[in-house]
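This is the structure I want to talk about, given as structure tokens.
Note that the chains are named A, B, C, D and E in the order they appear, and that numbering of residues resets to 1 at the start of each chain.
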Amino acid sequence: MIALMKRDLQLALRSGGGFGLSLAFFLIVVMFVPFGVGPESAVLARIAPGILWIGALLSCLLSLDRIFQLDYEDGSLDLLATAPLPLEGIVAMKAVAHWLTTGLPLTVAAPVLGFLLNLPVEGYLWVFLSLAAGTPALSFLGTFGAAITVGLKRGGLLLSLLVLPLYIPTLIFGAQSVTRVVEGQSNSTAFAILAAISLFTFALIPFAAARALRVNIR
Amino acid sequence: MSIWEFANPRRFVHLTDTLLPWTTAGTVLLMGVGLVWGFFFTPDDYAQGSTVKIIFLHVPSAMLAINIWFMMLVTSLVWLVRRHHVSALAAKAAAPIGVTMTLIALFTGAIWGEPMWGTYWAWDPRLTSFMILFVFYLGYIALWAAIEDPDTAADLTSILCIVGSVFAFLSRYAVMFWNQGLHQGASLSLDKADHVANVFYIPLVISIAGFILFFITLVLLRTRSEIHARRISALLARERQG
Amino acid sequence: MELTVTNLGCRRGELRVLSGVSFSVRGGTALILRGPNGSGKTTLLRTLAGLAPADGGTISMPREALAYAGHADGIKAQLSVAENLRFWADVFGHAGIDAALDMFDLRPLAHRQAQHLSAGQKRRLGLSRLLVTGRPIWLLDEPTVSLDTESVAIFGRMIAGHLADGGMAIVATHIDLGLETAETLDIAQFRASGEDHANPFLDDGFADWGNP
Amino acid sequence: MIALMKRDLQLALRSGGGFGLSLAFFLIVVMFVPFGVGPESAVLARIAPGILWIGALLSCLLSLDRIFQLDYEDGSLDLLATAPLPLEGIVAMKAVAHWLTTGLPLTVAAPVLGFLLNLPVEGYLWVFLSLAAGTPALSFLGTFGAAITVGLKRGGLLLSLLVLPLYIPTLIFGAQSVTRVVEGQSNSTAFAILAAISLFTFALIPFAAARALRVNIR
Amino acid sequence: MELTVTNLGCRRGELRVLSGVSFSVRGGTALILRGPNGSGKTTLLRTLAGLAPADGGTISMPREALAYAGHADGIKAQLSVAENLRFWADVFGHAGIDAALDMFDLRPLAHRQAQHLSAGQKRRLGLSRLLVTGRPIWLLDEPTVSLDTESVAIFGRMIAGHLADGGMAIVATHIDLGLETAETLDIAQFRASGEDHANPFLDDGFADWGNP
């Protein structure tokens, strides 16, 4: 189990810096917003929390299809399925490895990018906290989507399509946790629900994803 | 003896053996003089106070950041046309220096921006262009890191560098079209009467020269170590083949 | 130890491919599956390994006793030969990779990245993976593809050693492996005829509303 | 050459509706903005042109890695390289096929999505026109990125990192072509440059991408 | 028509794999490449096909006369057998796919999607692709992998027919194909020794700055 996670992290690092890439993508997406909507800092500050959350979510999305696809293609998944590991554990390990290589760096970097969008000062802490609480849910939900689409040749887009709707609650409560603070309101409900969603996905998703994998392998 | 002789890695290494002490000494001298003069022996600006002294870091690093990319463009072309390994490795060696200079320019600029414009960051075209340059550097470095075979990596990064240059150039104009900014225009041009006051001008020029030598020293060193690395990997590969 | 398969049905997608497959293999023996292309050897092996659903029938062995090696070797291109083996050894909770490295003479290649292997070298790595699983029953789908004659001989010895330790092997192959003690099973005899009771959409009761 | 394009379109259609998926992704990304940023129509109207352009650009991005990757993996690319077609032509065909399956549907759908974001009325025509002029450039630039990263196992994120910076001028002039009209200014310069960029990529990119492909195949 | 290769060098990544490869093949004959795993057969074939850079030496044939078939068959899983063949026929500007379909008895499978083929059926499709290229020189890398004995015989007949039409074939294989007229070339003799002048990083002059 630990071996699996070790290998996944190793592979992510070998193929040209797993950590760096999703970060760079995040940076660029955030940078694109002023190019698209214009440079006025009032507007940017207004939309900053939402944009940071959407950017983090999209960066997460982009690396999802690699969670199982490569293992499927080179036969590792078949072999893992016959190995003495519960498939649920494999799924959970994959999700954790994904979070470590994408969610975690995004969380750490988000406050810095908030800077570029003139995020009001009160927002920094909560951007960090809300992403720390919310990105694990993104990784777990994404793992589920990856498990469902693993057999498909051009599954990338379909995967996004399946996963994005699942991300909506996380996005709403995540962004609210920040905007409310910026607007001087209390964000405790939003944040509590966000954390609850994360815990809920940890408990539920490994079983659903393992089930989907079993269907796809045979 | 033609200049292309030094495209042989071994000769290049020998050449740098003799060059490096001189460039190192020059760097220490010029940077030392320029920065010490700039920081401690110039008056405070009447408008900007002592923050003006950031100029001695900001301007040289900003100039280098751009020009290092140009150097990479040239060496990339040399590699594509004449396939001289040192040329490709020099481009590879320069990129991390370029990205560091870009970051220094961004950071010193941001620190300077606070007192000057009241904000650390604004989407001013000049600053934005630097952000874009930073991203181009990142892509270039990531591509080098991602490809296993060194010649393939050299080819692909060179192609990327050329196409990238065209679009980096376009982006610069795009950004100027998109937003009129705060940043000041060129103030170093020699023919213009209104360049920065002489008290700043001379130490600034000295520290720019120091930075350039610093860059040359670093590139030579890093290219050398890239050559060493290539040789080691080639030897190991030969070993394994038996 | 004996693996007994009784009246097994195998399907691929919508269709039943094999019906009534029955055979048994004793510990220490090998079974060679033969049959023309498309006769269902791969399908049968995957069903035995639990990678495809069985369509009726019974398999007397738990899945945990089986090790499967198919066309895809499960090799990660960016990891070295030794790292690949070590990973599978860890997954199967098996101790060392030394025996596996020695078997196919992989030591000189141990630190080479798998993407720099030739087709036959990759296959050798894929086969030596079997040794780190520690499983008694090997299910092998065309194991000697891309192997040169010397490696085929080594493979023969590896199987023989495994059988001598009381293991079993079921091998689908088109070429002669030179395993003297092996039995041969021709898969073509189990080819499914049209009727397929597990698929309700092929139910003959449908016939009457085709022409009402 | 035509055969190649026919096959590409056929494959896109067979694998679960090539057209539909990128559209759906576009829809979801645009829909996420109100979730992230909040529902006030003034703010949304203000940022609508930019968001539509960024959304279109990201939808484009998501299908890029399939342009050459599958052909590379199953050996088709090797065989095509030995076929009596110039590699430059192959690249151009691939880019056109990509545009037909993503850029074109996005262009047609964008005005409808503009509606969801309260895009001011004057904007509709120009959202359509600017995307029609700009998305071909996105497809061509993307093809270049795909050609560079084709040999890499986990090239998806790297591909985005290489391609996104190249998209900046297109994005800026594209978004400006709309915002300027909405703000009552003249957009003729922006639109002319946008069209020029597209034409420029048609002329330049096939050669650069073919060169990259040759390097990657050998 | 004659294909002459003189003093060809082949490399893989950093390293030279083969040196001084020289041989010639006349129209109407086949050449079998032999050599243990990792000796460089694939590398040589890819170099001949122009898919890998030649490291010195000459090949007398233009690339436009060559058709290459390697481990990967270039088959699209979502297209049917007939559609796959038709695509390659169109690309090579060749008229019909009927002969190709008939050769390996693919007609019954013509409308099946390629992803529903067995390993051997896929390989048969990959080989019949050669017929629609209309190219005179075939470069085949382990063509009989996964084929059953009957298909191997058909493959032998296909090659014989191609040679009878004045074509040539260069085939890397580990098994006996039963082509009587074919010559055999052992690739192991061309194995590159350490020295490699095209790689300046292996230059011996480096030695003196290791220990100054």
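Criterion: a residue touches a chain if its C-beta (ideal position, glycine included) is under 8 Å from a C-beta of that chain, and two chains touch if they have at least 3 such contacts.
None of these values were measured; they are calculated from a predicted model.
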| item | value |
| --- | --- |
| Chain pair with the most C-beta contacts | A-D |
| Chain centre separation in whole Å, for chain D relative to chain C (CA means) | 44 |
| Centre distance in Å when chain A and chain B are each reduced to the mean of their C-alpha atoms | 35 |
| Centre-to-centre distance between chain C and chain B (centres being mean Cα positions), rounded to whole Å | 57 |
| Of all residues in chain B, the ones touching two or more other chains | 132, 135, 138-139, 142-143, 146-148, 178 |
| Shared interface positions of chain D, touching two or more other chains | 11, 15, 73, 152-153, 158, 161, 164-165, 168, 172 |
| Chain E residues counted as touching two or more neighbouring chains | 13, 71, 77-78 |
| Set of all touching chain pairs, with the criterion as stated earlier | A-B, A-C, A-D, B-C, B-D, B-E, C-E, D-E |
| Residues of chain C touching chain B in the complex | 108-109, 111-113, 115 |
| Complex interface listing, chain A residues touching chain D | 11-12, 15-16, 18, 21-22, 24-25, 28-29, 32-33, 35-38, 43, 46-47, 49-51, 53-54, 57-58, 62-63, 65-66, 70, 73, 152-154, 156-158, 160-161, 164-165, 168, 171-172, 175, 179 |
| For the chain C and chain E complex, residues of the former touching the latter | 12-13, 35-38, 42, 71, 116-121, 124, 142, 145-152, 174-175 |
| Touching residues (chain side chain D, partner chain B) in the complex | 141, 144, 148-149, 151-152, 155, 158, 161-162, 164-166, 168-169, 172-173, 176, 189-190, 193, 197, 204-205, 208, 211-212, 215-216 |
| Contact footprint of chain D on chain B as seen in their complex | 132, 135-136, 138-139, 142-143, 146-147, 152, 155-156, 159-160, 162-164, 166-168, 170-171, 173-175, 177-178 |
